[in-house]
Amino acid sequence: MAEVRYWSEMSMPELEEVISGQPVVYLPIGSMEGHGPHLPSGTDWIQAEHIVDQLAQRTGGIILPGIGYGVCNSTDAFLGTISISFETLYNLAHEVMTSVAGWDVRYMVVISSHAGRTHMAAIDRAAKEVSRETGMIIMMLSDYDLAYGYKGEVGTEGGHGGAIETSRIMAIRGDLVGDLPTLDYAPREQFVILPDPEKGFPMGARGDLTKASKDLGDRINSDILDQLERMVMEMKDRH
Amino acid sequence: MAEVRYWSEMSMPELEEVISGQPVVYLPIGSMEGHGPHLPSGTDWIQAEHIVDQLAQRTGGIILPGIGYGVCNSTDAFLGTISISFETLYNLAHEVMTSVAGWDVRYMVVISSHAGRTHMAAIDRAAKEVSRETGMIIMMLSDYDLAYGYKGEVGTEGGHGGAIETSRIMAIRGDLVGDLPTLDYAPREQFVILPDPEKGFPMGARGDLTKASKDLGDRINSDILDQLERMVMEMKDRH
Amino acid sequence: MAEVRYWSEMSMPELEEVISGQPVVYLPIGSMEGHGPHLPSGTDWIQAEHIVDQLAQRTGGIILPGIGYGVCNSTDAFLGTISISFETLYNLAHEVMTSVAGWDVRYMVVISSHAGRTHMAAIDRAAKEVSRETGMIIMMLSDYDLAYGYKGEVGTEGGHGGAIETSRIMAIRGDLVGDLPTLDYAPREQFVILPDPEKGFPMGARGDLTKASKDLGDRINSDILDQLERMVMEMKDRH
Amino acid sequence: MAEVRYWSEMSMPELEEVISGQPVVYLPIGSMEGHGPHLPSGTDWIQAEHIVDQLAQRTGGIILPGIGYGVCNSTDAFLGTISISFETLYNLAHEVMTSVAGWDVRYMVVISSHAGRTHMAAIDRAAKEVSRETGMIIMMLSDYDLAYGYKGEVGTEGGHGGAIETSRIMAIRGDLVGDLPTLDYAPREQFVILPDPEKGFPMGARGDLTKASKDLGDRINSDILDQLERMVMEMKDRH
Amino acid sequence: MAEVRYWSEMSMPELEEVISGQPVVYLPIGSMEGHGPHLPSGTDWIQAEHIVDQLAQRTGGIILPGIGYGVCNSTDAFLGTISISFETLYNLAHEVMTSVAGWDVRYMVVISSHAGRTHMAAIDRAAKEVSRETGMIIMMLSDYDLAYGYKGEVGTEGGHGGAIETSRIMAIRGDLVGDLPTLDYAPREQFVILPDPEKGFPMGARGDLTKASKDLGDRINSDILDQLERMVMEMKDRH
Amino acid sequence: MAEVRYWSEMSMPELEEVISGQPVVYLPIGSMEGHGPHLPSGTDWIQAEHIVDQLAQRTGGIILPGIGYGVCNSTDAFLGTISISFETLYNLAHEVMTSVAGWDVRYMVVISSHAGRTHMAAIDRAAKEVSRETGMIIMMLSDYDLAYGYKGEVGTEGGHGGAIETSRIMAIRGDLVGDLPTLDYAPREQFVILPDPEKGFPMGARGDLTKASKDLGDRINSDILDQLERMVMEMKDRH
């Protein structure tokens, strides 16, 4: 098992030594967001921290303090959602990455378990600019870019608080999952933007939970970690 | 064939009458962007104007002056690219949509043939905010959200200036397509952001052009129009 | 007659060759703005496109996709007006000009037929900054800076939608001009800013239309073109 | 002679009483800007304070602390110029006017002796927005909008630091005027924006000073004051 | 001992119930900042999390995910510093507080162990605006506003990484404290801003460490907690 | 007595000569802010101008046009307050200081008699950035950083419009001080931010005025001047 260090726990001379070994620096990003009656509002945050912790144990590296807040522009109506703006997330990510690159870090991996379009675009834009400005190589994705491969298995709407997400939290923090409800929601209309998107899933989550299980969650999480480990290693090999 | 009107050509009383019939208002968005040795820099602009013109002839509606500039953050290095920032496109789209909604327009359809992530996120964010603020219903997509269904047919990299895009321009403005080159490019690494993405396709385009043809272009364009027509009609029916 | 090219229609190698000949690059700017019961809302846009097309045929050059939206802060109340903010226009103009200058264009000519003070200041500021930052020489004006020379001939209020503007559209797109109304408006108070400027011309236009005619329009347009042609040629000679 | 009060010198109860009489509130705006070898860098500031003081003695009213800094984007190269940005001046003017309007002031008069296009547009935009938002009536102009009527008398280039401006400072603060130089400058090219506008008048001023005199300055200042007094009185009468 | 809950761990119905009891919602804020050869870069973050955890155990309440990044404008030169801008911190704090207030939270307590002037002003400004806009009552301070009372005991320069801070980390995470160095630094000049403030303490910390001890740290931490507990209780009593 | 010059009164050659002698350049900053029934709204402005004038007579130097508006976020409710935003003051200070530094000024002293936290942070941030960017050495403080040393003498709440401030204005502009009221106010709660801070001192001022006197004011002003003179001289000696 590779060595995991925390940026916050190292002094100036320790950081100097560790960074000289060209470790990957990890930044987990999540959000506080109402996820229905059965999942905690930190669902995306819990997944991000879990995946980054596990991944760093496989690849080694330094873990930064995570960012627990994201851009949540279709779930504002659900109790527990704390939403920040595109600009704030973009600037925060840009400034943190720029500072990190300034200390001669070569590889940075940013994983966000919240996968909203505006949210991801804010981080993506920051990463592209910082990479161009500093030369640092940045892997940036949501673990849901990988997890949605399981949509077929659980029904076409993997969905916010749906079977994939519920299964994953069952596997990570089963103590935080309540009784699984039968969710009330309308099918998603692609590309149509309505003034009140929350009306499409009034319970704060969408999807069919009958296929949700801890086993499925373990399988998805393990598959994500295998893919991520391979991707990180390839990135280090090639660049 | 339904009646197509242009916002710029109607006087105050004409606009009042036409808008009272609840027409769709169309906004085409493209970009100026180097597209290799064989395609014009307005490739995305030409497609957007073409699709919107054809679509409006099927559904009726009002066409707004298009926006010919977009966010091009990985092709800045290719001669002909004119790139604007996320903020500028977001604000421009937001302000135009807000003004349009202020005249009691009920349906707006925004089609961008440029499909970069930051570019689309800027429009998407504007559309979500304006819809919530004004109640206007907005369909927002890239025709490439539909066209990429043809990736399997032309090789996994449909790509910037690749077989899909080349075929479509052959069908729309064949006079602007030069000799088809053999493109030199590296396979795309998913999720890895490099300081110099343009080095991955030094000729300004990527993909295998051996499958490109006017016939394929006609087929894709016609399929896109069929899908869009159905989607627009469903939106009007449901809301 | 000199050769007119369009930025959007040229490939990377074509642009390279054409730009090496030091052509003028033209950017027309207009706006959507209620112009009374008789003129189309794209009045300023139609004039800008017309003048730039005609001028480029005399001087040669490359025409960029135009910008059809402007800053309209005293006509927001008139149906058809689509107004963008100072910042948006400033940024859009700045970013487009910067990109163009980056491709080694030496001369750029920006003509806006909308001539509002805030609107013109946004473009002027962008042009001054880009010129200083890049060395590109930019001619920037409204054709109304020239056309208002005819104010004496048509009455002191040339005015928004008045005799000069109406005559010019009669000459360019007579099919879009409705019956000429007798406009109801208060005389303009210079330098006094009121909370509701639209109350001064409730019909969306001001001025005396009895002097408006296609002939006058032809004369004004032709005079503007002569002046512009001479100015562009002098700019190229001197710098 | 009407009573002149200063915002800074009145307590809360005094302000309440004075404002209830619907006085004009005056805001003078100037700039620090190199004005050649013979004029002080506060030339525009000195004129603005002088005109506002004199005008308030005729019309009565309250004088606010002035703003001594403006947007100077073609004189940055001249020693003494202190330039602020469009945004800063716009925001400063907007916020000051908004606060003033919040205390139920009905008439505000803003006079800037610096008359650069970007500078004036910043104040104009702020004034238009604040008037619309608050209902306050705002007169906004440069005294040079009036003084340039004397251009014919002194040569076509009234110019920065030229005969009109020099004459006016001779009349207001003759002790600050040095020996009148023969200025070296190129004729102004209208509408052409160059990367280095300061090269057109390397001495920091332009114009023919042979016509400059204290008498001319007295005449111009007195004429401006007469016009302004009439305009302020008309504004109060009509609205 | 009062009940401590975590925002991230509660579902929508759980949050609803807990918030109805009018708990204090806590937000800890720290920073990553080089703190000399002996302290970890997360020194401010570790203190903030510790104090908030301990305090919440005394008063009960909900703990939000903390913010691990702050505005560090005089320590950028020290390895490990990750600095964000005033705007980013202000916006982040404003948006998080606004969302929290939107869920009918009555009391919020924000504690930052980083105490830089710009940093504190960003949070202070956000708190003042959000309180006014939403009615939420916010206690906002740095524990160093209290800890600096011990300056007399340890020498006049309590200082960045000095005796107070070192003692406190010895008491909280003694395992992270390295050998105590003799720090090289110049005395602080009050009110004078130099281009290179880091030259005043080249080792990344300032102060006399001979007085630092775990016992002193325990005493300070315990005193801070007593004061904070009393202040929180008084706030709840009075408002 | 040293020579005092005014930036606004010097021509380009005069400025060149005077600046070559490395004078201190002074910028006074105040605010318009309701200060109770007895003090003028320009209280902070009057003090700043007075202190800077007196100080410059001792040290020599150049005085810039002052800034009469500041950030007043807890006194907006008091008639006479004119408040600008953090950004506006920050940008204004930054741009003015940057221009000044560009003319090779080595020492700048900024004194603000308004001492609100957000206000001071805006200037402080600008000063730190400009010093780093240009190398100019900047002394930046409020005279209240010194004057609050007299709090013990006049009661713990020196306060806004309280005994210290009242005494100082009695000494500077006694003609502007009204009858001294008995102020009605609640004791200040430290660190607690309320939605309506103005309710804590409904008369617009707080403190016990029984100790206020012209003599005390003279003593404080004189003490402040002595301290400032010494600080300025030390700054010039050391750097």
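For the reader, a short list of remarks on this structure follows.
Chains: A, B, C, D, E and F, in written order; residue numbering restarts at 1 for each.
Simple rule for what comes next: contacts are C-beta pairs under 8 Å (C-beta built on N, C-alpha and C of every residue); 3 or more make two chains touch, one makes a residue touch a chain.
Bear in mind the structure is a predicted one, so any value in this text is a computation, not a measurement.
Separation of chain A from chain F in touch steps, taking the shortest path, is 2. Among the remaining chains, not one touches chain C and also chain E. The contact pattern of E-F recurs in A-B, the pair among A-E, B-C or A-B where over half of the contact pairs coincide by residue number. Set side by side, B-C and C-D show the greater C-beta contact count at B-C. Centroid to centroid, with C-alpha atoms defining each point, chain D and chain E lie 48 Å apart.
Annotation: 56 Å between the Cα-based centres of chain A and chain D. Centres computed as Cα averages put chain D at a distance of 27 Å from chain F. With chain E taken as the origin and chain F fixing the direction of travel, the chains line up round the ring as E, F, D, C, B, A.
Across the interface of their complex, chain C is touched by residues 6-13, 15-16, 30, 32, 34-42, 45-46, 64-66, 68-69, 78-85, 87-88, 91-92, 95-96, 99-100, 103, 173, 176, 178, 204 of chain B. Touching chain F in their complex are the following residues of chain E: 73-74, 86, 90, 117-118, 120-122, 124-125, 127-129, 131-132, 134-141, 145, 189-197, 231, 234-235, 238-239.
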